[in-house]
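Each of the next two complexes has subunit A plus one other chain: subunit B in the first, subunit C in the second.
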Partner chain A sequence: MASNHLTGIGRESKQLATWYFTFAAILFGAQLLFGLVAAIQYVMPAFLFEVLDFSVARMLHINALVVWMVFAMFGAVYWLLPDETGIETVGIKIGKLLFWVFAAAIVVVVLVYLFIQVGPADEMSIWFIHEGREYIEAPRWADFGIVVVALGFVANLFLTGIKGKQTGIVTVLMADMIAFSGLYLCGMFFTDNISMDQYWWWWVIHLWVEATWEVYVGALAAYGLITMLGAHRKVVEMWLWIEVTMLFGSGILGLGHHYFWIGTPEYWWEIGALFSALEPLPLVAMFIHVLYDWGKTQGEQDAQGKEVSVIRNKPAFTWFVLNAFGNFLGAGIWGFFHTLPQVNLYTHGTQFTSAHGHLAFYGAYATILVGMMYIAIQGTNGIKVMNHTKSSIWAVSLLTGGMMGMTVALTIAGYVQVLVSRAQMGATWAAYFDGQSGIWFAQAMDWRLIMGVVMFAGFALLAKDFLTTGKAPVHQR
Partner chain B sequence: MAKRSVWSDNRFWQRSAAWITGFASVLLIWLTFDTMAQITIGTDADIKNGVTKRVPAPTVINYKITYEMSTKRGHEVPIIGGNDGQGMSLFQEKELFFGRDDWSEEEAAELLHLGKLGSQVKNCMNCHTLLGNGAYYAPDLTKAWLDPQWGPDGSMQAMTGKNTKEEAMAEFLQNPSKYPTHARQMPNLGITAEEAKGLVAFLKHMSSIDTNGFPRNFGKIEGAVHGK
Partner chain C sequence: MIDPSVVRPEIALDDFLPIFVSSALVLVFGGFYVGIYTAVKVNILKKWTMPFAYLFWMLTAYCLYTMGSLMHVGDFTAKALVIAAIGLLLLPHAVYYMQDRVHKENEH
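Our next item is the complex of A and B:
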């Protein structure tokens, strides 16, 4: 991403944003690559057996996911901060230094995952190899590094927000990012009690992806609507506060839906069921909000007799609309499918969860963060109205089509597992393998792999578009 | 000037967001205190006094554990040391674990510590599920200790040439690819004899955790699909 057009206030902050986006895009590719390895292993179990086992491939797959999203989220904040506050980000030099610290730490962690993989059962392994806790496997030393980097990031955000103009979007981000960073501390201890372990582990995972990250997405969508459509800030920010009310109102206690079966008391059944069942509502609101603002601004334009689209960045806006719908579909609908304890008793720990996880992370987060990358490409290349290229259309179609196909395949696999392994056979070792060896399950896994390849092709085109669209002649400059 | 409605007032929604978030957070913290008290690991004295804990003491490895229907709760619960007939533990019937049923509180805790460390370091959770959480590439381990596969009627004791459940499990964990059961195999993770012992203790302890009836009907149905 060339930065020759980055001039004026906020130049440094936006340049740092492009660094974050670039590293995030690379990790996105790595995520898909290791996902493919794991998908192949479902179909051909001998593939890379005892070389790069499923456990390692999957750890890399989900860690690359979390880290690329965090990088892109930090990047997006550095991008929008000067626009919102009207000043250059405070402490940008430290911000840039911390980027390199963060990136270097991630590279070391990945190399250790890949080449050391597993150690003896002692504290040293937890400190220097990995912690073996899904999504937050990073070894303890890296935890402390992440805390330092996150503190620096939050400090930059706060100092800038206090010094500059404090818009509603910035206020929401300040409150949200401090919670987001603080929650990471809940995952930084070891206990022999696995129920206790998982209780706090969910504070990190759930209160990230079903609370703070969702609010973050609301703020990002608000920023996007203002910059891409010229939507009215007052209306957009009112919606944002409504979304925050609904997201935190449902999402914080919705945490209870992870506490049905981990040793925690029964009252979590009712609390988890009630609040998590409400979680899709704000996602509906967010979808309506995006379409409403789009229709409203376009309608005003049309009323003046101007027959031009109000969208200043078509590829980014495509990704933002996909986000609004994908969030509702993947997180909302697919989540609601199995959130009630009566259903979850049988679906918990099956491919059903995996189907939901894939579509939710993609729909709620990947989409909007890719959209932000397009906004950055527009800014760094001095483009007035950014249009689609052939690659950008193919990229979004293949990535989204592949993800939908994969989700359907995994959902079918989940059904087979729920019915055969759980309901019919009672969840034992033999029951598990009876479910896995069924023809419907096997076919679903074949389709999942095919759809994974489709996604990967989509990513290749996305990467190509990122590298070339800045200079493409289709845009208005 | 017309009076503006509160529903389209940004400050109203900003305050609502703050109050509702605050209220939800306080409620969560309050519930957390209650849950912490309920899931704190029990003591050997609890077991000796017949006190049922959601997460029992590590010395539970000295006892026979089963998973049976509780008439009061309407689902299965772990039964430790015998059933009173209603689905409550009697904490009486012992069971040898690696040849002993007198593991002291310290010894058992040490074994559990090693096993829990092992479960993380060996990355169990990125193939298996534990308490239903993890990856879906291998069977759930929540009640693995109670799986008929490892019992006297299962195939694993004969396959590994061992006479007890714990020894069969430990042998398998040390050399998993030597005993393939399916095309999808467990890789060799360099698990030592001592680590394997810890891991089996960890599994036995996990099977004694009260998971509110998850998984349902565990090990009760044999061959329903193929009509064995």
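Our next item is the complex of A and C:
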């Protein structure tokens, strides 16, 4: 992502954003690569045995997922901040320094995961290898580094937001990002009681992905609709506040659906059921949001007799629309059908969860962050109207088609586990193995691997498009 | 042959598929409801299609009922599902009303 056209107010901040996006895109590739290794190991268990075991490949896969998304989120904020506030990001030099600290720390952590992998069950491993907690396994030294970087990022955001113009989008981001950063602290300490430990760990995972990250996506969607369609700011921002209310209103106590089986009191059943039932509503609302603003803005254009599209960045807009659908499908539908305790008793910990996790992370977050990367490419290359290239169309089709295929395959595998391992055989040790030895489960895993390869091909084309689309002749300059 | 004594009694084996399908359809039909409603309001679809939006809401409510019945949800969860269905019915009306007010204030 060349930054040759970045001039004027916000140049430094936008340059920093492109660094974050570039590193995020590299980690996205790493995430898919290690996911592919883990998928192969489901089909051929001996693959890379004792070299890169499934547990390590999976750890790298899901930690790379979280980290690339956090990098892209920080990048997106640094990109939009000057546009929203009208000033250069305050303390940008510290922001740039912290980027290098953050990137260097992640490289060291990944190398340790790859080459050291595991250590003895003592404090040394927790401090220097990894903490053994899904999604946020960074060793403790890196935890403290992440806290320092997050504080610097929040300081950049707050100082700029206070000094510059205070739009609704920036205000929402200021509140959201402090919660997002603060929640990380809940995953930094251990208790001897595993129930209590999980209780706090879920504060990070759930309150990130079903509260603060969703609100963040709402703010990005608002910025994207204004930037790409010229949608009315007042309408978009009013809508954003509704989404924030609904997302926090249902999402925070939706936390209860993670507390069904970890040893927490039974009242979490009722709390989890009620708020989980309400959680799809804001996702439906976000879906209307895009449809409403697109329809209104295009309608106004058509009424003036101008038969041109209002969309100024077609690849980005495609990814934003996919976000609205993907969020609804992955987080909404695939989340809702196993969120109530009565059925979650059977689906918990099966490939259903995996199907939901894959489609939700892709639909709700990967899509909009890739869209933001395209907005940055448009800005850095001085493109007035950005069109699709063949690579961008193939990339979005293969990535999304691969993800849908993978989700369906995992859902079938999960269904087999529900019927055999849980309902028929009562969740015994033997049931676990019987569920996974059936032909339906095995074939579903084959298809998951094939779809993973399709996704990886899509990513290769996406990377090619990121590197070349800036100079493509299809755009209006 | 599986020993019937280890089959969990809460949900019948044959009910799992209808539960998953009906709960997926809750949101599919719900999406059609709000999608058609919004598309009609912003003139993407013709006005005569509006009854189809409400038809989809009724299908949503029916699927919620089916899902809840097959799962044998308790009184509290049943009430939560009713609230969710009513919330979905009201949501696009409330949002469109507010959006349109702000849109008009912004234009005039």
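Here is the rule we go by: the second predicted complex is superposed on the first by the 477 of 477 C-alpha atoms of A that agree within 3 Å, B and C clash if a C-alpha of one lies under 4 Å from a C-alpha of the other, contacts with A are read in each partner's own complex, and residues count from 1 in each chain.
Criterion: a contact is a pair of C-beta atoms (placed from the backbone, for glycine too) under 8 Å apart; a residue touches a chain by one contact, two chains touch by 3 or more.
Nothing here was measured: the structure is a model prediction, and the numbers come from that model.
Peer 1: Please work out whether A:Tyr346 is in contact with subunit B alone, subunit C alone, both, or neither, and reply first, second, both or neither.
Peer 2: After superposition on chain A, A:Tyr346 lies in contact with both partners, subunit B and subunit C.
Peer 1: Taking the superposition on A as described, I'd like to know which of subunit B and subunit C A:Ile242 touches: first, second, both or neither.
Peer 2: Both partners, subunit B and subunit C.
Peer 1: Looking at the overlay, does A:Gln198 come into contact with subunit B only (first), subunit C only (second), both, or neither?
Peer 2: A:Gln198 contacts subunit B only, not subunit C.
Peer 1: Could you look at A:Ile92 and tell me whether it touches subunit B, subunit C, both or neither (first, second, both, neither)?
Peer 2: In the superposition, A:Ile92 touches no partner, neither subunit B nor subunit C.
Peer 1: Have a look at where A:Lys234 lands relative to subunit B and subunit C in the superposition and call it first, second, both or neither.
Peer 2: Both partners, subunit B and subunit C.
Peer 1: Contacts for A:Val70 in the overlay, against subunit B (first) and subunit C (second): which applies, first, second, both or neither?
Peer 2: After superposing on A, A:Val70 lies clear of both subunit B and subunit C.
Peer 1: Tell me the contact category for A:Leu6 with respect to subunit B and subunit C: first, second, both or neither.
Peer 2: After superposition on chain A, A:Leu6 lies in contact with neither partner.
Peer 1: Touching A:Gln424, do we find subunit B (first), subunit C (second), both, or neither?
Peer 2: both
Peer 1: Return the residues of subunit A at which the contacts from subunit B and from subunit C coincide.
Peer 2: On subunit A, the overlap between the subunit B and subunit C contacts is residues 234, 238, 242, 345-346, 422, 424-426, 428.
Peer 1: Can you name the residues of subunit C that touch subunit A in the complex?
Peer 2: 2, 6-8, 10-11, 13, 16-17, 19-20, 23-24, 26-28, 30-31, 34-35, 38-39, 41-44, 71-73, 76-77, 80-81, 83-84, 87-88, 91-92, 95-96, 98-99, 102-103, 105-106
Peer 1: Spell out the part of subunit B that touches subunit A in their complex, as residue ranges.
Peer 2: Contacts found on subunit B: 8-10, 13-14, 16-17, 20-21, 24-25, 27-28, 31-32, 34-36, 38-41, 54-55, 58, 109, 112-127, 129-140, 142-144, 147-149, 177, 181-185, 187-192, 195, 198, 202, 206, 209-222, 224-226.
Peer 1: If you look only at subunit A, which of its residues touch subunit B in the complex?
Peer 2: Checking each residue of subunit A against subunit B gives 38, 41-42, 45-46, 49-50, 53-56, 58-59, 117-123, 125-126, 129-134, 137, 168, 171, 190-199, 234, 237-238, 241-242, 244-245, 248-249, 252-253, 255, 258-269, 271, 345-346, 348-351, 353-354, 417, 420, 422, 424-434, 436-437.
Peer 1: Please give the residue numbers of subunit A that touch subunit C in the complex, ascending.
Peer 2: Per the stated touch rule, the residues are 232, 234-235, 238-239, 242, 270, 273-274, 277-278, 280-281, 284-285, 287-288, 291-292, 295-296, 299, 328, 332-333, 336-338, 340-343, 345-346, 415, 418-419, 422-426, 428.
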